[in-house]
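A, B, C, D, E and F are the chain letters, set down in written order, and residue numbers restart from 1 in every chain.
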Amino acid sequence: MAMGGNVKMFDYNKKLQYPINIKKKNLKFAKALVTQYGGPEGELGAAIRYLNQRYTMPDDKGKALLTDVGTEELGHVEMICAMYSQLTKGATIEEMKNAGLDVNYANHGMGTYPTNGDGVAWSSMYFSTTGDPLADLSEDMAAEEKARAVYEHLMDLTDDTDILMPLEWLRQREIVHFQRFKELYDEYKKKAIL
Amino acid sequence: MAMGGNVKMFDYNKKLQYPINIKKKNLKFAKALVTQYGGPEGELGAAIRYLNQRYTMPDDKGKALLTDVGTEELGHVEMICAMYSQLTKGATIEEMKNAGLDVNYANHGMGTYPTNGDGVAWSSMYFSTTGDPLADLSEDMAAEEKARAVYEHLMDLTDDTDILMPLEWLRQREIVHFQRFKELYDEYKKKAIL
Amino acid sequence: MAMGGNVKMFDYNKKLQYPINIKKKNLKFAKALVTQYGGPEGELGAAIRYLNQRYTMPDDKGKALLTDVGTEELGHVEMICAMYSQLTKGATIEEMKNAGLDVNYANHGMGTYPTNGDGVAWSSMYFSTTGDPLADLSEDMAAEEKARAVYEHLMDLTDDTDILMPLEWLRQREIVHFQRFKELYDEYKKKAIL
Amino acid sequence: MAMGGNVKMFDYNKKLQYPINIKKKNLKFAKALVTQYGGPEGELGAAIRYLNQRYTMPDDKGKALLTDVGTEELGHVEMICAMYSQLTKGATIEEMKNAGLDVNYANHGMGTYPTNGDGVAWSSMYFSTTGDPLADLSEDMAAEEKARAVYEHLMDLTDDTDILMPLEWLRQREIVHFQRFKELYDEYKKKAIL
Amino acid sequence: MAMGGNVKMFDYNKKLQYPINIKKKNLKFAKALVTQYGGPEGELGAAIRYLNQRYTMPDDKGKALLTDVGTEELGHVEMICAMYSQLTKGATIEEMKNAGLDVNYANHGMGTYPTNGDGVAWSSMYFSTTGDPLADLSEDMAAEEKARAVYEHLMDLTDDTDILMPLEWLRQREIVHFQRFKELYDEYKKKAIL
Amino acid sequence: MAMGGNVKMFDYNKKLQYPINIKKKNLKFAKALVTQYGGPEGELGAAIRYLNQRYTMPDDKGKALLTDVGTEELGHVEMICAMYSQLTKGATIEEMKNAGLDVNYANHGMGTYPTNGDGVAWSSMYFSTTGDPLADLSEDMAAEEKARAVYEHLMDLTDDTDILMPLEWLRQREIVHFQRFKELYDEYKKKAIL
């Protein structure tokens, strides 16, 4: 019997898409940054949304685009988590308390956890799948616009270039993804493929 | 500047770990199966749990184990979604209605969506991360035991071998993962590495 | 002191925008229809989303558009509730049970309640407000596309013209709203007003 | 065919029931005030509760009361949002951070959003509809008592009369609504109309 | 050092307050009944609400009443769970499937679980605590009225006297509790003790 | 007819298992402590989990163990609430505001409420019941390990021995419970009783 055997569907490469080298602890920023992990416009939700919506795209091109972007977003989750780890590395209890992270420490120690930054767990209520390609792609375009806006808000909150550079890179990726979704949306709309 | 460039953190291989070839539509079973996608003991939650808990494992061995199992679970998500697609393929509206999937059709058309089978969206409330390696690994062991139990329940609900075989394969993987988590848990407990 | 006094901000006119005259009980359809009241793409969420996002629109035109559409959606909530009432009017307990509405009856008697049709309460997690006009308008366009798709799914589930006509009317309104949001989005994008 | 045409069910009048003229920024108070928008005893929930419960009131008087109070509460939502806008108007990023609103800024910029003040989205789990008029009216009486209590708590948190005056006015409305619900409850109980 | 030692705060007596002897399996009714375990007006929520609100009652009488009723409700949870167990005892997989309990079986096997009957987990969002005795007691009165209404709905769904008798007994307890809460509410209101 | 009459299933003894005598107000600590009331690894969830899982334990020994530990956890809920009350006793509004408890005060006054410390209500999503004794006991073991970890985190946040002593006592109880669950798990696994 032919089996996939040891070949896994997803391979993991120990290399971030864009390097994260944050040298200065910043616990308050870490708390806000978490929303791009597990908040309404965060990378976890983006990855799950796109990987979930693939199944009802009308052709291979659509399926491939969603697989490609969804898989890339899984790597962005890692970037955000790496940033969080570096921003909190070596923090003392006193520093955690001063930054308003006491509750976070009680629940998760020095661990990460996907919330909106206010301690609200991520939920798939944050995304939709209607099975209608135009509707789903319009949600995807909106998701990218909203993620861009949140990255801009986060960039307003700091002037540390070690933080700003990866955030700007991530922001640019959202714009690229928006463009790719828009092209497919326009193509489907024209072809009336649906 | 050295960048990750086009190398993504996760690569996607278009090949399921275990083949899914379901020849007979079964909408009622599809509805129940969804819980192993987005339910409390489902594969989506497993993947996110392990990938999330990595950051506070005390050594490379722990991080590697969680990365490895978490990445495999992402592929299991695909298997469950592939099963769902095949179980519902070509279903008519009448068949969807008869199987009690009217609401599902209204919300998602023929698409998949991560719920507990009763329409409740997946939430990261389903898993914990305490940042304490023994506590987190004990949760992981429990997660594998519970997923095993749910696969056994699902297998009770059908006698179609096209369904039973991949479910049995997935069930076996849970047992293997449990064993791997248990070995690390025992090792950490002995070493008092914490 | 000048006060608003008896002038309320919202006035209620006892007249549906489009007439609802359903002559045939249809409990199963009623259960599915509920999602357009309190589901992810439903009218309640639409109303609250637009009325909420007004405050950060950059000019009076943007504020007026969101007020106008949001207020109209409040009336669409009423239409859906009126349809639900007529679809369930005079139902016996036996009929409720046969349609799978036992749990609904236990919790709500013959009352309506805003859920996704599967008993999941409406949550504002279903919509976002980033405070960025382009991002918020792109969400609004997506919301209208998704609501259109759900109305089409609902229309697939019945052939009763008393139901189909108001659903088609509502579906058309989503298309009109999409167009209005798109025009403003395009205008803002061009002006780089942000 | 007779249609409602351009007549909307709800009309919007650009005039608050009670004037809001807050001259002093107060971000910390704004954060707490949000609970009367989207918290458990807030105005959004009140409006939706009453408008939802109308359908199973046993007579026109009951339906009219719930429509009337529900419609008024929609206007109170606007008052709370207007207060929030004025309390945060012109705030700098530094001020937002100092007030603990960094996460709020990341997610919503300067926008409002219906939460309990701690970032938890509003949910219709906050209210019930049993379809039993006495039970539903007793919930409504309780809702008004609880909203009154929260307004009193909020008034304890500030001594700015620009804030205190509209809060006191809103608090008085809760007392009036409680009284109106109580009268109907007593009447229904006496008549054993149910 | 004086310690509570083996004396636990709560003692468990293996004896239901009212006997449950259901002789006939009824899976559909069991599914609906679950809402009085973990639904919005269920016994679990009642117990937690009253036990939680005790701390801000203004005198010993208030604290004692809430302790007393809250502790009784813990026993009612047991009654509902006992009913569920008897209603589902010995059910075959085929019977579970026919009653629409496939998803329940997948997730929980033959176990109980606190939901609203539609698979939605219990949440403390279902109850409030304002710390204001009049507001909290008015919520308690409403809770008892609503639970009464749900028991009446459940009684409409069956004519098995083995089920009807304990439900009627529970319904009567709600009426008694309502009366006790009302007396205290009236007393506090008169004394202006607050 | 033989009735349980006045004998309630649960008796309440006005005596904490371990004395709580906190002499120094500590509002920030109180805020974090709340998670052991209504957070993911808190005492409320523990009590409900064990009391809920009893029904599918395969023998009296299993049922008795879960009843016993579940009932003890109800008393631990009381200990946490007593600690919260003492930690906040006599706090002024100014002190509440300085400790970041403004929102808490707005919603709950000086009352307690079961959340994760960040204002997120407790949900039974936090625990599972699969009806499989080995799976359920493995969850119980994990729950005790995780609660132990959270108590250790809380103990890191203070050096007040009045707080540390009861927390250490509670932590020890988790270890004892873990051991008892493990013994039964090992016994069931050996006997292959399932």
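One rule holds for everything that comes next: contacts are C-beta pairs under 8 Å (C-beta built on N, C-alpha and C of every residue); 3 or more make two chains touch, one makes a residue touch a chain.
A quick note: this is a predicted structure, and the numbers were derived from the prediction, not measured.
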If you take the chains that touch subunit E and keep only those that also touch subunit F, what is left? B, D
State the smallest step count from subunit C to subunit F, taking one step as a move to a touching chain. 2
Taking B-C as the reference interface, which entry in C-D, B-E or E-F shares over half of its contact pairs by residue number? B-E
Counting only C-alpha atoms to place each centre, which chain is farthest from subunit E? A
Proportion of interface numbers common to subunit C and subunit D (over half same, under half different): same
One copy, subunit B, sits on the other, subunit E, after a C-alpha rotation whose size in degrees, in steps of 5, is 120
Farthest-lying chain, centroid of Cα atoms versus that of subunit B: D
Using mean CA coordinates as chain centres, what's the subunit B-subunit D distance in Å? 41
Quick one: subunit A and subunit F, Cα centre-to-centre, how many Å? 34
Here the gap between subunit D and subunit E, centre to centre from mean Cα coordinates and rounded to Å, is 29
Residue ranges of subunit A touching at least 2 other chains are 40-41, 100, 107, 109, 118-121, 123, 125, 130-132, 149-150, 153
Going by the touch rule set out above, what shape does the chain contact graph take here: line, ring, star, complete or other? other
Chains touch one another in the pairs A-B, A-C, A-D, A-F, B-C, B-E, B-F, C-D, C-E, D-E, D-F, E-F
Please output the residues of subunit A touching subunit B within their complex, sorted ascending. 1-5, 7-13, 15-19, 38, 44, 48, 51-53, 55-56, 67-68, 71-72, 74-75, 77-78, 81, 85, 107-115, 121-125, 129-132, 136
Subunit B - residues contacting subunit E, complex: 28-29, 31-33, 35, 39-41, 100, 116-120, 149-150, 153-154, 156-157
Can you tell me which positions in subunit E touch subunit B when the two form their complex? 93, 97, 100, 102-103, 105-107, 109, 118-121
Note: in the complex, subunit F contacts subunit B through residues 40-41, 123, 125-126, 128, 130-132, 134-135, 138-139, 141-142, 145-146, 148-150, 152-153
